[in-house]
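Next come the structures, one after another.
Here chain A shows up in two complexes: once beside chain B, once beside chain C.
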Partner chain A sequence: MIQLIASLLLRAAVVLTGAALATFALLWHAPGDPALAIAIARYQAVVPAEVVDQVRTEAGLDAHFWTAFQAWVGPLLVGDFGQSSVTGRNVWPELVTMISYTLPLALAGLIIGLLTSVPLAYVATRRPGGWLDRCAVALASIGAAIPAYWLGLLLILLFAVQLGWLPAMGTRTPAHIILPALTLGLGVAASLTRILRSGILEARGQPFLPAFRRRGVANRDIERDHVAPHAAIPVVTVFGLELAFLLEGVVMVEVIFARPGLGSFLVSAIEARDFPKVQAVVVLTAVLFVTVNLLIDLIYRALDPRIGERDA
Partner chain B sequence: MRSVGTLVVVLVLLALIGPMLAPYDPTQINIPHRLNPPSLEWLLGTDALGRDILSRLLHGARWSLGLAFLISVIGLCIGTVAGLVAAQGGKLTDWLMMRVTDTFLAFPDLVAAVVIAGVLGAGTGSLIFALTVTGWMRYARVARGIGLSLQNRGYVVQAKLAGLSPLVIARWHYLPSLLPSLAVVWTGMFARAILGISALGFLGFGVQPPMPEWGTMLLDARIHMRSTPLQMIWPGLAVVICVLAINLTGDALRDALAEQKDQKGTA
Partner chain C sequence: MTITATGLCAIRSGRTILHPTNVDIRPGERVGLVGASGSGKSTLGHALIDRLRAQGQRVAHVPQSPDEALDPLRSMAFHWREAEHALNLSPDPTRRQDLFAALHIEGSDLNKRPWGWSRGMQQRFVIAMALIGTPDLLVMDEPTSALDSVVAAGTMDLLDAYLSDRKTALLLITHDLGLAARRVNRLMVMEDGRIVEDAPTEQFLLAPVTQAAKSLCAHRNWLELPC
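Right after this comes the complex of A and B.
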């Protein structure tokens, strides 16, 4: 067990190092002169070459690739995300503010998704192939094909522009979160319904269940000891998938609804070519993603002993 | 299955001959006729620069579907090769290859694509690069998995003993068994590429104006949401119909494959 966890941790460490290296290499080789971009952003004017060179030295852009990489990763390991190349301010406090905007939105989206999909999947699987089931599957298929940005625009069009019931842009009042959360939540609901539906059907269709029943095992015990563990595996998978979906959705939704948050922070940092900020968001995403997947991997092995045997 | 197949054929035909059906030049600016509602002259109306929306949609099919096809096929090639190298190489090769795939899987696809396309600068080239780099891993995983399961089959062992090169074995012994599963993955990635292209277009990191691409059309239409809301409906609807058709094809393909497997198992 300890060996297993050690090998999984080593794997995560290798992956994160690779991800950091890939990110850094991408930004290092980005076209255009980052020093010039920073100088222009900083002084809001056309700047002479000497100033650009000075900025280049200050930002460490004239260093060798590996030196620069070390200069970035070293502080990163102790949680220092560096300074914005445009404003010179520390990235971390700003990042925390952005997370405080994004987290409620993502949670609200997830809750809306769960509240829609769990009852829908439950009702649908009561009679597989029935009209309710077909409707649920059709809705989920259509939902999975609707891009978040279009759904968001349609919701704005209907509820903010035509009906005037809800505010759309910004974060001034608590009501401002309804439309963006709905956009995220409906997307989550579409993918969750499909996964939950097939998970429940598969768990109920296990061939050993009738055998237990005939042997006189109580229905409650079967549900607890045999159906639940089988249904739990897809549920765990769902969390990995939904995390990816939420992170992607947040980028689009925040841009559409002009909300501050990690997604709009990332897009505006890319546009301003403020690479320390871009790196910070990317690394944060990767750490979150890899950690959650590591946990999922461990839970899988706890839930399903067969997985551990196959691939340690 | 058949009706879905027909739908896909119609979509492919539309992408191929759609531009010929377009009544107007999709980039022809006609300011006096800007933001016209749908009429007999302009079936879906005109956009903010007076360009015919129907013509732009039809030409856009070539961008959105054509690029998505290209991206998903490049990913298929890279991923299959990577997966087979992992499956056929030794333990170390396999471990390294899988960690490389994991590294690329360490970000949500779209977030990584936004960063890559945005940093490399807007344009079709960086769009293709961004979506390919973030899309090949799933093929690699599937190819490796099936490759490993075939490793100890009689005919593969015999081919190895006969001294056939790994390349020959990969082509004639692995690839035929891989193709059906890869086809299912491919439909999923094709749909994802369509969504990715329009998402990047919508953020302004994708295909650049004046080229008619569905995501960029949506971005243009958004500003005029109040005056001409219909303008925003068409490009989004086009994306949804295409993605839905491709996803349903993928589902049907997967079911057909599972059925075939069941029949083999019981026979």
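Right after this comes the complex of A and C.
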């Protein structure tokens, strides 16, 4: 067990190092002059060349790649995300504020996704191939095909503009979270429904189930104790991917609904070429990913210990 | 009470797999159901189980392979509890110990999942589980074809010993006449979804009547087999 966790942690460390290095290299070698972008963002005006050079020196952009990378990673290892190139303020407190906006939205989206997909998949699989099942599959396919930004705009048009039921922009009241959460949640629901549906159908086809029925085990108990765990395995497997979908969705949704949060934070930081902020978001995302995947690995082994046995 | 089921039949996608069939089995009787693959043996077994269950009789089933009887994600202990619960029995450690002792699987780790046990042990566990409620009839569908012949013979011996002083009747479904001949006192032969011959074992072996029975006897040097 200790060996297993150690190997998983080692894998996580490799992924994190790779993510940090790749982000830094991509930003460093991106075309255009970052110093100019930072200077414009800082002074909100066209700036003379000597000011741009000054910014370049201040932001450490004239250094060698590896020197700059070390200057960034060194403090990061002890939890220091550095200062914004534009404002000079520490990145971490701002990041925490943004997380406090994004986390509830992401969770609300996830909960809506689960609350929609689980009953939908269950109802659909009661009679596979029936009209309910076909409707569910059609809905899920359409839902998966609609990009978040378009769905968000449609929801704004319908509920905010036409009907005037819900607010669309900003975060003033709790009601402001409904439309963005719905935009996120419906996307999650679409992909989860398809996975759950096929998972349940596959689980119902397990060769041992008829014997359980002949043994007199009630159908309700078979569904709960044997079908559900087998159907959960593919869902747990794709949960990591689902998280990627969720993060991507959050960035779009926050921009569409003019909400503060990690998404809008990232977009404005990229526009200003504010490297420390961009890198902070990317590292944070990478850590989140690696942690979730680590947990999934462990849950997976708890659900189906055969996986661990095969590795050994 | 004699076990009786009449008019058992099965039709799958327009094809009759099992023509209307009546089955009578006396308490404690050992009956073999033999026939070639696809003759409808398993279908008759399933139809019989479903009918008897519907009639409120206690009937237990042992499928061909433990893979068809056990959920790989659940522990052996879970399976046992579930089987007791399905029969509305309260958990009884003594009953479990007796059955485990009878089938020589005592001392095994019940917290393991099926694949943590050998297949022979799994199959004996399934048989033990089938005997929990002391059923009127135990239907075994090719119970030993997933085991090697030595383990299979051992398992059948243990079951014979356990059933010898009980009223539980046995229906042994197999294509292996050698296995059936040693274990049962009456043989039924199936062909194309019908029971074509039904006779005491000795009479059957000495003077098979139908072509299906004759070919079964001819194809098996049944006395040479260990089980």
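Some points to look at:
To be clear about the criterion, the second predicted complex is superposed on the first by the 281 of 312 C-alpha atoms of A that agree within 3 Å, B and C clash if a C-alpha of one lies under 4 Å from a C-alpha of the other, contacts with A are read in each partner's own complex, and residues count from 1 in each chain.
One rule holds for everything that comes next: a contact is a pair of C-beta atoms (placed from the backbone, for glycine too) under 8 Å apart; a residue touches a chain by one contact, two chains touch by 3 or more.
Please read all numbers here as calculations on a predicted model, not as lab measurements.
Touch criterion met: A:A19 reaches chain B, while chain C stays clear of it.
In the superposed model, A:G216 makes contact with chain C only, not with chain B. Applying the stated contact rule after C-alpha superposition, one finds that A:H226 touches chain C and leaves chain B untouched. Using the contact criterion defined above for the overlaid structures, shared-chain residue A:D304 touches chain C, although it does not reach chain B. After overlaying the two complexes on the shared chain, residue contacts for A:I99 are found with neither chain B nor chain C. Shared-chain residue A:V52: touches no atom of chain B or chain C.
Touched residues of chain A, counted separately for chain B and chain C, are more numerous for B.
Looking at chain A, you'll find no residue that touches chain B in one structure and chain C in the other. Contact residues on chain C toward chain A in their complex (touch as defined above): 46, 49-50, 53, 60-61, 63, 67-74, 78, 82-83, 85-87, 113, 115, 129-130. Contacts from chain A toward chain B in the complex involve residues 11, 14-16, 18-19, 22-23, 26-27, 30-32, 141-142, 144-147, 149-150, 153-154, 156-157, 161-162, 243-245, 247-248, 251-252, 255, 266-267, 270-271, 273, 275, 278, 282, 285-286, 289-290. Interface residues of chain A, counted against chain C in their complex, comprise 206-208, 210-212, 214-218, 221, 225-226, 229-230, 303-306, 309. Within the complex formed with chain A, the chain B residues making contact are 99-100, 102-104, 106-112, 114-116, 118-121, 191, 195, 198-199, 202-203, 205, 218, 222, 225-226, 229, 232-233, 236, 239-240, 243-244, 247-248, 251.
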